[in-house]
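Okay, structure first, notes after.
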């Protein structure tokens, strides 16, 4: 290979929960990352298998023969990226962190205040002290905190575009926070690698379905992320929908525009907030979002319009739930934590069509 | 054939705009309707072709050899169903109606007050007197008017579930009308039979896209239908989205619940409004809507939930845009107009999976 | 309802294996059939549930409240249609038939000679005497035998178009039988209602996969059906493929054209064999098959071409695997068995688009 | 950026026909290639637009502001990659090559002997001298010739897996060449960026369609490539099919196994032919091909099985038609021509799911 990663130490990384879709996407991206060596694969049901067994699309890569080991044996790495089922990482995190391994958790286990876990995740948080120290890993909003964090809570796929789209508007008082409505649409990979009948092709093709309303656990995460970043505690109503796609999240957010704010005001706030951000693209006025355009990339696209008839601000965001909504954002956080250029190993071009 | 249609006159019907998707679906359903003879096919570009040429999936039916004639030559029929491009039927309607042919218009040409046409459809309405006499053909809300109408404006695919879902709640004061938000999702057949690049498979698979906001012409139709049926003139913000499906419309409507109205109150109002309606199914509490379940059927499914955290009422409706959202509803209107049993020729079972 | 079924006795029917996709499609079609009353639903895991529970898309039909009972309790019906897993009906059939109930088996349990079962289905056939009496229910080839049969083996989805496409050519000696190659493509509903990970939407979208070669149990069925109908025992190589669709089977059959046979000869043989057949459509010369066009209908489309460069005859057939490939063909057999018009309750128009 | 391309000259590249799907994929991959600078975009209808206009998914890349210029103005580059409509490059090539620019043509214009063009492409070849000098750019079979070629004919998407799958078997005499049947399945991006009604989502979802048989121009290319590489001139019958997917080609090839050749013999020949090839993966025995697994990667997967009942060898191959079937293979050729490591800038991991 003619590619060299110059002047930077190679970082040794573990991927925990390697067999799922998010774990597979973390691995696909890390295997093309010039500053990282994947040194440990952690799993449970897949222990003993090779990466090529668990993810046949990675069979041709350099790590294809690496074998999955029990997650709790993780060692000898600088950073662990955990793509475990909700409720698993919270228990494992303390021992990992105490071994000096920095941790990026892709699950929801370190995203909310401790008090919210019983209601939204169904468990009492076992590591509240670490929870207090965790940083919400949305680099465009919390970049400096991420750099030095031992424990990063990688955001959810829906809250990422909601926070990126609404925080600049809340900060500038362009929209009200009292009644934020979020209508979400997601492809089916968001439900994870699973054999559930409801996720079968025959069931899902030609099917548009709302789900888990009003109890989706991203609802309090949206509220918390918006409050953290803007100071205003909003009330969010969130209805997610499954659509017949594999990748892609599109959120359409509705809030009253404040004090005569116009489309132009909203767009100016977004453009100014994200000028120079490599992974946030505020679309030109009049352009239409499209989840397909960002598929496979770490980019989130944003658009904002005020309906002049009703005075409602509509802010929409689109991303690939497995990249900017999970694995890609985790690697963006990793880059920040270890001092790499933030964009290293992360595509800005979607795989289209 | 062993099937007989007893004791009813056979109604002679014309289908104008026979070559599009709505026209094709009207024909598919009419060809299985025991009380109707399809006597005239009207078109423009397809004139001279047979039904089997224009719609190869209908090549095995009894009308396969019927030839398309110029739309304006329509004659010798009792009722005409027009599935023409917006702006076409408005000009043709007077001469058709004056020949004593009753007319069901599937386009938007007779749905709004005359004053709305320049802004939303881009033309000055050429037949305002007929427009005044037209009946908005949503049978569950305007059944008696439809029976005797000479001219029925068949509703749009989005306004149908919005009106059916919200009118009973508005009538009972369970939701506010000042700020109704409608988030719509549609499959691509709603855009019609077309060769546009934006509707190509390679462009549309894995693509979720908002479109035509805030200028979709169904926005004033929703407002008008809600006002007609409930008395209250609401302000609607409507954002439609394309999803990768062929058939299916799902609308998710958001409005503040009034005076402590609960999920139970909303559901009771819907169940009571639609008890006995063959084509409206209020789902059991907790059940999830699914556009796929009603595909190919004339049924609209409704569900309502109040989010107890935010006090927002969420009312969702699902239908097949080509059946209850177009051709099926037109035939339901036809049945009412000519005195057939309302369900004749209309499926209640979806084609699943 | 204004529809009447005149001058025919109403036939009482049981559907066994009611909860699967084939069972659901049998029910959807039977519920629109004017000469049939569905009197018994048989199942195993779904016992006690209503039809509306098991198949929510049938919740609005007249039989929605009928409850599923244990399959073996079937009684009080004239005919049973069994859509059970392979290996189940063979054991149940004798006791059903001995009660005087005629049986249409949609599984593979009565399609092959007894000697073939251990190799291809993995069991020794428990009812070889009934197997000898069973009739292969491909009406276009074995119509007279079906009329009087007590036990009909409803053909497989792949063998149906293969037999219909090749038998007339074999009978007239237009193709050789020594090396028939069949390349099959199927949508995923053919795999049944299942929660297998391999059938998940995320796994199946954008996926074209050969499967179960060279051991697919339809291989000997094709050979047997071709031999039964044409006298010549052919050797078939069959490679099936999964494609990202729900419904639809397309088979592309390759065999050497004999003695200078041309496209015209093949087409003439097919047209002459199926003149007047309501459910077989030989496409016009040059026209392209399309599984979508026959979706939801009981039609099989056929096309034949001889490649002048290589002298290979290519015969292709398309059908809806759940209709002409399963439930529709079963009802076509039912109609023949009880003396109804053969087309009763069976659509010839596809649901398009 | 921390990535450096060491010790190699930067190669200046033109992409002609930049606005189509193949051109877009060439650009997506080149923009991530560390040794290449995209210096010229050539087009016709899109002249004057930026790369970001023409391919919005590339709007965030470094070349987003590069403008499309008339194709014939290409200059100042070392190599041109041409993804032009068939029949265009043949006319332009001489003047490009005479300017000293090396040319990789992704169209069919330089793949066949001159005599074949009138019949298969409908034109008399305008540059037969250059055609004689062109090299068929299938690196695994013609690597050394590619290195020094001025003009490379990049192979078609179907012929690539057919040649890779069959050549080792023909060379070792394991299959007969007299009657090779190729059944191809492709996603719709193979038809290019187009607004044809036949490629619309509503037309293509749930649609499996054979097409262009027996006149597909890849038929003689398969014969020619097999003959070039193996010496034996085979007779190929080729039936391509469209399936509802965007990317992916799967070919299923049938030929008689020679002299008792077994699955094991075939697999051994393939494994030995491609040992060490980074972009050819012979699947383990019993494993199933899947186009989805190689989507977005430059890998072709192969599998071979002899049906012991019929003695037919079945050899199947899968690739991404836009990568190994077009743009990726072109860059593999580019790497060889300019002396880069052959794998530079080319992914081996698919984007899954």
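Here the chain labels run A, B, C and D in written order, and each chain numbers its own residues starting at 1.
Just so we're on the same page, a contact is a pair of C-beta atoms (placed from the backbone, for glycine too) under 8 Å apart; a residue touches a chain by one contact, two chains touch by 3 or more.
Given the structure is predicted, the values throughout are model-derived calculations rather than measurements.
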item	value
Chain whose average C-alpha position is farthest from chain D's own	B
Of B-C and B-D, whichever chain pair has more C-beta contact pairs	B-C
Mean-CA-position distance for chain D and chain B (Å)	46
Inter-centroid spacing, chain B versus chain A (mean Cα positions, whole Å)	39
Interchain centroid distance [CA atoms averaged], chain B/chain C, Å	35
Set of chain C residues in contact with two or more other chains	21, 187, 189, 193, 202-203, 205-206, 244-247, 290, 292, 353
Residues of chain D defined as touching chain B within the complex	21, 187-189, 193-197, 199-206, 244-246
Chain B-touching residues of chain A, taken from the complex the two chains share	179, 181, 183, 185, 187, 202-203, 205-211, 213-214, 219, 235-237, 239, 241, 243-248, 250, 252, 254, 256, 288-292, 295, 303, 305, 307-310, 312, 314, 316, 318, 353
Chain A-facing residues of chain D, complex	1-8, 21, 24, 28, 31-32, 34-35, 55-61, 189, 193, 205-206, 246-247, 278, 281, 287, 290, 292-294, 296-297, 299, 340-341, 343-344, 347-353
